[in-house]
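Think of it as A, B, C and D in the order they're written, each chain with its own count starting at 1.
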Amino acid sequence: MSVLTNPQLWASTLAMTVPLALPAIGGTFSERAGVVNIAMEGIMLMGAFFGVAFSYWTGSAWLGLVFGVLMGGLLAAVFAWAAIRLAADQVVLGMAVNIFASGLTAFLLNTLFGYEGTPPDTPPLPFVSLPWLGPVFSHQSVLLYVMFAIVALSHWFLFHTRIGLRIRAVGENPLAADTAGLNVWRLRYAGVIVGGMLSALGGVYLSIGILNSFDVGMTNGRGFIALAAMIFGKWTPVGSFLASLLFGFSTALGIALQGQGVSPDLLSMIPYVLTILALTGLVGRSTPPAADGIPYTPIR
Amino acid sequence: MSSFLEVVDVHKYFPGVKANDGVNLDVRAGEVHAVLGENGAGKSTLMKLISGLYQPDAGEIRLEGRPVRFGSPRNAIRAGIGMVHQHFMLIPALTVADNIVLGDEPGGIRYKRRTAAAQVRALSQKYRLEVDPLARVEQLSVGLQQRVEILKVLYRRARLLILDEPTAVLTPQEAEELFQVLRHLKAQGTPVLFISHKLDEVRAVADRITVMRAGRTVATVPAADASPQELANLMVGREVVLRVNKPPRTPGDVVLSVRNLSVTDAERRLRVRDVSFEVRAGEILGIAGVDGNGQTELADAIAGLLPASGGQVAFLSQDITRLPPGERTRRGIAYVPQDRQRDGLVLDFTLVENAMLRDVSHPPFSRRGILQHRPARAYTERLLEAFDVRPRDPDRHAGDLSGGNQQKMILAREVSRDPSLLIAVQPTRGLDVGAIEGIHRQLLRLREAGKAILLVSLELDEILSLSDRIAVMHHGQVVDIVPAETATREQIGLLMTGTRVGESEVAQPSNR
Amino acid sequence: MTPVLATALAILIGAAIAYILGFDPFVAYGALLTGAFGNTMAISSTLAGAVPLALAGLGVSVAFRAGLFNIGAEGQYWIGVIAAVWFGYHLTGWPGWLHTLVCVVAAAVAGGLWGGLIPGLAKAYRGAHEVITTMMMSYIAIYFGQYLIAAGGPMHAPGYNAQSYPIRQDAWLTVLVPPQLTTAVFFALGTAVAVWWVMFHTTVGFRLRTVGANARAARYAGILVPAYTVLALGLSGLLAGLAGGVQVLALDHRLMWGFNTGYGYTAIVVALLARNHPFGVLLAAVFFSALSTGGQNMQMVSQLPSSLTDVLTGLIVFFVAAERMVPLAIAWYRRRRGVRVQVAAAGEGGREA
Amino acid sequence: ANKAGTTENAAGGAPKVNFKVGLVTDSGGLNDHGFNHLSDVGLEKAKQELGVSGSVVESKSESDYVPNLQRFAQQGYNLVIAVGYLMDEAVKQVAPQYPNTKFLIIDDPITDINNVTSAMFKTEQCGYLVGALAGLMEKRSDIQGLNPQNVLGVVGGQKIPPVDSYIAGFLQGVKKTDPDAQVIVKYVNSFNDQAGGSQVAQTEIAGGADIVFQVAGGSGIGVINAAKSAGVFAIGVDADQNYVAPNTVIVSALKGVDTATYDVIKDTLNNQFKPGVQDFDLANNGVGISKTTSVVPADIVNQVNDLANQIKNGSLTVSDQLPKS
C-alpha cells in the first residue's frame, strides 16, 4: 500500500505520539508510586498555557518550557498533597484538577491575552532536521528526541535504579515499604510530581513544540487517551510509548486515508477501533500496581 | 545479664481500644524472650511500638539504657531493631532479593540487582534458609515467605530480632529449623523477642516468657519453670481445657468422593496430581502437609473456585466436577477458606451483609430477589450470639473485627448453613487457645451431627487430635491416608516430607 | 470537608481572583445565585439541566459501586440520543405516550448495549480494562453521530445545517414549568429511587456491590463475576443512554452537530461527589447545573468570563475531596497554640523547662 | 487589566444611548476563532461607535440557550443576538414571547417571526475568490516559494455545511482558473485541535500542496503554523488572519459576521429592523476577501476582482454544494 510507504505517515505518527507518550509515562510514574492520576489532561493544559505565556513574556521558548513544566509540577504537587497528605479520593481529585485547569487556562487566556488567542510572535521551540535518518526525521520538534530519551530514561529509572525500586515498592505495598524504612510519602510525592512534569511537557509540546500558540481546550482529550495508553502499556514507560505509538499511527492513518470518498467521521474512528481490537485481541489483562489509588496514612 | 531493651509502662490507644495499657518488658542481651497472650492482648501492638511503626502515647522505651523515640520504622532499623511482622510485610510483585534489600540496596544511583541476588544467596546459605533470590514473592508458599521475612531482618544485621508469630505457618520441621537460627543468633549475643500461641515451642526455645492479657503484662517467668497449664491460665485468666476428647463414631455414607483429581492454579502450574479419597458422613478427614503442597488448591477445587484439569469430584453421589461454586454451595458444601480477609469476608460490608454473602437468594435473606433486611438482621444476631462473635453488633463492618472474631464469623456463617460437607482450611490459624478451643468444639459438634468434614491444617496437633483419618499431601499428591488413632507425629512428619515408610508399617497400625 | 464549607472556601478564592482582576465579587456572586435560583425561569433551567447529569451520574455510580470506572458515559449518552431520535422520527401513528416510551426504551437499551455489552464482555472475558474500552467506545459513538448527520449521512435532514430530522412532536416530553423543565424530571427522580431500591434492596444489587467491594469474596460467594461485570456496565450504559434519550425528547428533539456537551464527563464528577449514593447524585446534579446556569448569568451581569465558574467548580470538587483539611488545620492550630501556651508558661514560671 | 471584558466604556467613543444588546454564543464560546468571536467584534465596534451598551454570555450546553436568550429579553434588552444554528429552536421558542425585543440569529434561516432577523452568509462566494486566486498563483512558475507540483490543500474543521460551503466555493474557483490542479481536502474533525490541524496540513503539504486554505476554526491556527514552518502559503478564513503569520497568510476569505452584527445593531437602533432572512454576499460586502500580501502579483488580484464583479452582477453563480464524489 502506497499509504504505508509515504514517509509523511510515519512523520505524523511520531509527531502525534509525543503528546500521548509523555503524559502516559507521567501517569505511569504517579501510579507506580501508588497514586491514581487521571489529571493528565488538566496538567497538560497548564503546561501548554504557561509554556506559551512564559515563552512570550520572556522571549525564550526554552524558558517557556521550563516554566510550563514547573507550573504543571506545581499543580501536580497540590494534587499530590491532597492525595497523599490528606488521603483524599484520587479519582475525585483528578477530575477536580482537570476542571480547574481547563477553567483557569481559559480564564487566564481571555483576561491576559484576549479572545484572539496568544500573540502570534510567541517564539516556538526549534524543529530539528536529521535528513540522514530519512524524510521521517526531516522536520520534527526537538521534543520528539527528548521524548525518546525520556522513554529510555524512565525505563531505566523505574526498573534499574534504587529510587525506581523504592517507588515501585510504595505503589505495591506502602505498609511493607514503610516497615522496610522507606519514606512512603516522600516517594509518592516524587512519583506524582515527576509524573506531572512529564505530562506538562506533553502540553508544552502541543503549544510551543509544534506550534506557538495556546487555545482553550487545545489538549483535546489527549490526557485521557494517555490514560488509556498507560493502562494499555501495562504501567510501564516502554509499554506506554508503544501504546501511544499505535494511537499516533492510527490517527495519522485516519488522516492519510481521507479524501477517497469515505466519510472523515468514519475514518476518525480508526484509532479507537484499533485500540479496542488490539486490547481484546493481543494485550489482554493489565493489572495495576497493587496499592494504586489506596492512600497510605500511617498510624504513629 | 544487662538489659538490652526495656519497655517501661507503655500505653497505646486506638479509638475505643486500649491496645497497650501499661506494658513492662525487659529483654536481656543474648536471651530468647517469648511473649504470650490471647488474641487481641496487645502483643503485635507492643512489637510495632518497639519497631517504630507506632509511637507510644505514654511510657518509655529504652535501648541499652538510653531512652529512644522512633518516629518511623526507619529510625528503629538504624538503631538495629529488626522485625518480622505477623502479617507479612512483603511486596508480592517483586523478587525475593528485591524484597530483602529494599531500603538498603547495593549500588549508587543504579540498583545492583545481581549483587543483591548474590548477597541474598550467601545469606540464605549461611543461615540455611534456602530460597531462590530471583523468584517472585507471589509465587512462594507462605513458609518460604516467612524465610524471606527473616532474611530481610538478617540482611540488615539487626541487633534485636523481633518475630511476631513466626511459626503459625511452619511445619514442625520448618519450625525446628527456625529455632536453630534463633539459637545461632542467641549464641552470637543477639537477643530475640518472639510471639507465639504455642506453649510447647515457647517452652522449648525461650529463656523467659512474658504473658500479656488485655493490654497489660501480667507476668514474666523463666521458661524452665512454667507448665503449659499455668501459662494458659495466665493468658486467659481462667482454667482452660487443653485436650479435646473425641468420642468414637462410626462413619456413615460417602458424602464426598474425589477421583484422580488434578488441578492447575491461575498461573497454570500443576498443583494437585491425581488425588483420590472419600469423606463420609460423621467423619473428619484431616489433610496434613507442608504448606504449599497443594492442599489449598485441592480445597479450592472441591469448592469450585479452581477448575479441575482432570479427574472427578462427586458430592452425595452426584458428579459436581463442572458445577460453578454457587451451585455447589447450594447443594450443601460449606467452605472456610484460608485467607479470611481476601476470600471469606467483605471487610467493607456489615456483619449482616457478610452473613448473607453466600445465601443471599434464599430466605431469610431474600424473597423473590428482594432483600429482607429485618429477618436477615435477626438471623445475624442469633449467629453472633451462638458463636460468641464480638462485638455482638450486626451493623459493625467486618473490617472492624479482630482476626479471631472474623474467623468465628466465617465459621458461624458456614456451619449454620447446615451443610453436608464442611471444608475448613486452617480454621484456627493465628487464634489464641481460647478461640481454638471454641472452634475445635464446633468442628466436633458438626461431626457429631453426622456431617462430613475436610480439615486442612498445618498444625499437626490439630490434625492428630481432631481427625478420624489423616491424608498426607506432598508435592500435590496424597502420599498416604492413615487412621488417626494410631498415627504418630513422627510418622506423619515423615510422610509430609514425601518419604513413604515401608508398606507393612503403615498397613499394620494395630501393633501399636 | 462538608460540601458547604468546600463551596465557601472555593467562593472565597474565586472572589479574590475576581477582585484582583478588577471585578466586583458581590455583584458576580449575586448574579450567580439569582441566575441559578432567582426566579421560576432560573429554577426551571437549573432543574432541567440537572436531569441529564442526574441520569448519567446514576449510571456512572452504578458502575463505581461494582468497582468499575465507566469513563464513557458521554458516548453512551450520545448513542441514547441517536436511538431516541431514530425511533422518534421513524415511527408514525403511534399514541404519543407509547411513542415516547419506545424512544426512551430504545435510548436506554442502545446505551446499555454500547456501554455494557462491548466493554463488559471485553472486560469479563478478555480482561480489557474498562477505562480504555468505555472511553474508546465513547469517541466512536461521537464520531458515529457526526457521521449520521453530516451531509450525505443516513440521518441528515435536507437543508443547510448538519442535523437530523426532528422527533415527531407527539413523542416530545411535556413542559411543566417554562421555559424548559419537562416531565424529564420525573424520569430522573424515578430512576434515582429505582437505582437506590435495586442496589440496596435486591439480591442483584447486593451482588453488584459485593463484586465491587471484593471480587474474590464475590467469587467465593458463588457470584458469577464476569456476568455481573457485564451487568454493571450494561446498567451503567443503560442509564447514560436514558439520559440522552430523555434529554433529546425534552429539549432539542433532534440530533445536531455540537450535541456532545460534556454531560457524560460532568456525570463522573457528580457520581464521585455524591459518593455513589443515588439520592446524593440528585443533589450533586442540581448543584452542578446551578453552577453552570448561574455562572452564565454571572457572565451576563458582570462580564466575568464564564470560565471562572469552571475554576470555582474545580476548587469546590477539590475541597470536597480534601475533607481532611479541616481536622488537619485544627490540629495544626491546636499544636501551634499549645506550643505558645507552653512557651508562655515556661516564661512565667521558669520551672517547667 | 480587562482586555477581554466588554464592559469598558469607550473613552473617546460615541455618546451613550439607551440601547442594550445581548450576545449569546453557542457552546464554541468566544475563543472559537470564528463566528462567535466575530460577532463579539461587531458588538464591540457598535459599543464604540454607536454608544450602545452590550453584554455577552457564553453558553455551555444546549440546555443553556433558551435561558440565556430569555434572560436578556426579560431584562429589557433591545436586541438579542444568537450565534449559530444550534440556537434555531431556542430562538423560535423565545422570540414570540418577547415581541418587543428584536432577535438576530447568525447562520440560520428563520423566516416567519417578525421580531427575528437571520443573517446568512454566502461564504461559497468568498471561497470561490480565494480558490480562483490560489489557482492563478499555482499556475504561475515565477512566484517564489511555490513548488512545481500543481497541488492545493484545504483543511476543514468538521464536515458540516458552514465549512463545506467555503470548500465548495474554493473548489469551483480553482476549477475555473487552474482546471488541472489537484485539491487535497481533509478534515481535522475538531475545531479546537491545533496540533491535529497542523498534522493534517503537513500531510497535505507533503502531498505537494503549497497553498493551504483552512476552514477549521481554532484548529486552523495549527494549519497556518504548519504552512509557516514548511515555508508554504496559507489562506485564512472568516477574518483577516494575516496577523497570525504575516509572510504565510497571503489572503483571507472573509465572513462578515462582525459587519453584519454591527449593521443589524445599527439598523435596529435606527428603527430599521428588517425581519426575515438577510443574505450577506459579495454584493453587499457581507462576505469578501482581505487585502492580499505582496506575494500575490497585481494581475492576479485584478483577475480575482473581475471574478468578484461577475459574481456581484450575477453573471457568475457559485454553488454552496460540494461536488458529489
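A few remarks follow.
By our rule, a residue touches a chain if its C-beta (ideal position, glycine included) is under 8 Å from a C-beta of that chain, and two chains touch if they have at least 3 such contacts.
Here the structure is a predicted model, which is why all the values come from computation and not from measurement.
With contact taken as defined at the outset, chain A and chain C are each touched by B, D. Of all chain pairs, the one linked by the most C-beta contacts is A-C. Averaged C-alpha coordinates give centres for chain A and chain B that are 45 Å from one another.
Chain centres here are Cα averages; for chain B and chain D they lie 75 Å apart. Rounded to whole angstrom units, the spacing between the C-alpha centres of chain A and chain D is 34.
Mean C-alpha position of chain B lies 46 Å from that of chain C. Taken residue by residue, chain C touches two or more other chains at 21, 143, 146, 150, 305, whereas all remaining positions touch fewer. In chain A, 106, 110-111, 216, 263, 265, 268 are the positions where the chain touches two or more neighbouring chains simultaneously. Touching of two or more other chains is recorded for residues 1-2, 4, 29-30, 158-159, 189 of chain D. Looking at which chains touch one another, you get A-B, A-C, A-D, B-C, C-D.
Residues of chain D touching chain C in their complex: 1-2, 4-7, 22, 26-30, 55-64, 66-68, 70-72, 74, 85-86, 88-89, 93-94, 108-109, 120, 158-161, 164, 189, 322.
Per the touch definition, chain A reaches chain D in the complex via residues 6-9, 11-12, 15-16, 19, 106, 109-117, 120, 127, 139, 206, 210-213, 215-218, 220, 251-252, 255-256, 258-259, 261, 263-265, 268. Remark: chain C residues 21-23, 35, 41-42, 45, 48-49, 52, 143, 146, 150-151, 160-163, 179-180, 247, 251-253, 256-259, 261-263, 292-293, 295-297, 299-301, 303, 305-306 touch chain D in the complex.
Chain B meets chain C in the complex at residues 303, 305, 324-330, 335, 337, 342-349, 353, 356-358, 360-361, 365-366, 369-371, 373. Note for the complex: chain B touches chain A at residues 14, 51, 53-55, 71-74, 77-78, 83, 85, 88-94, 98, 102-105, 107-111, 113, 152.
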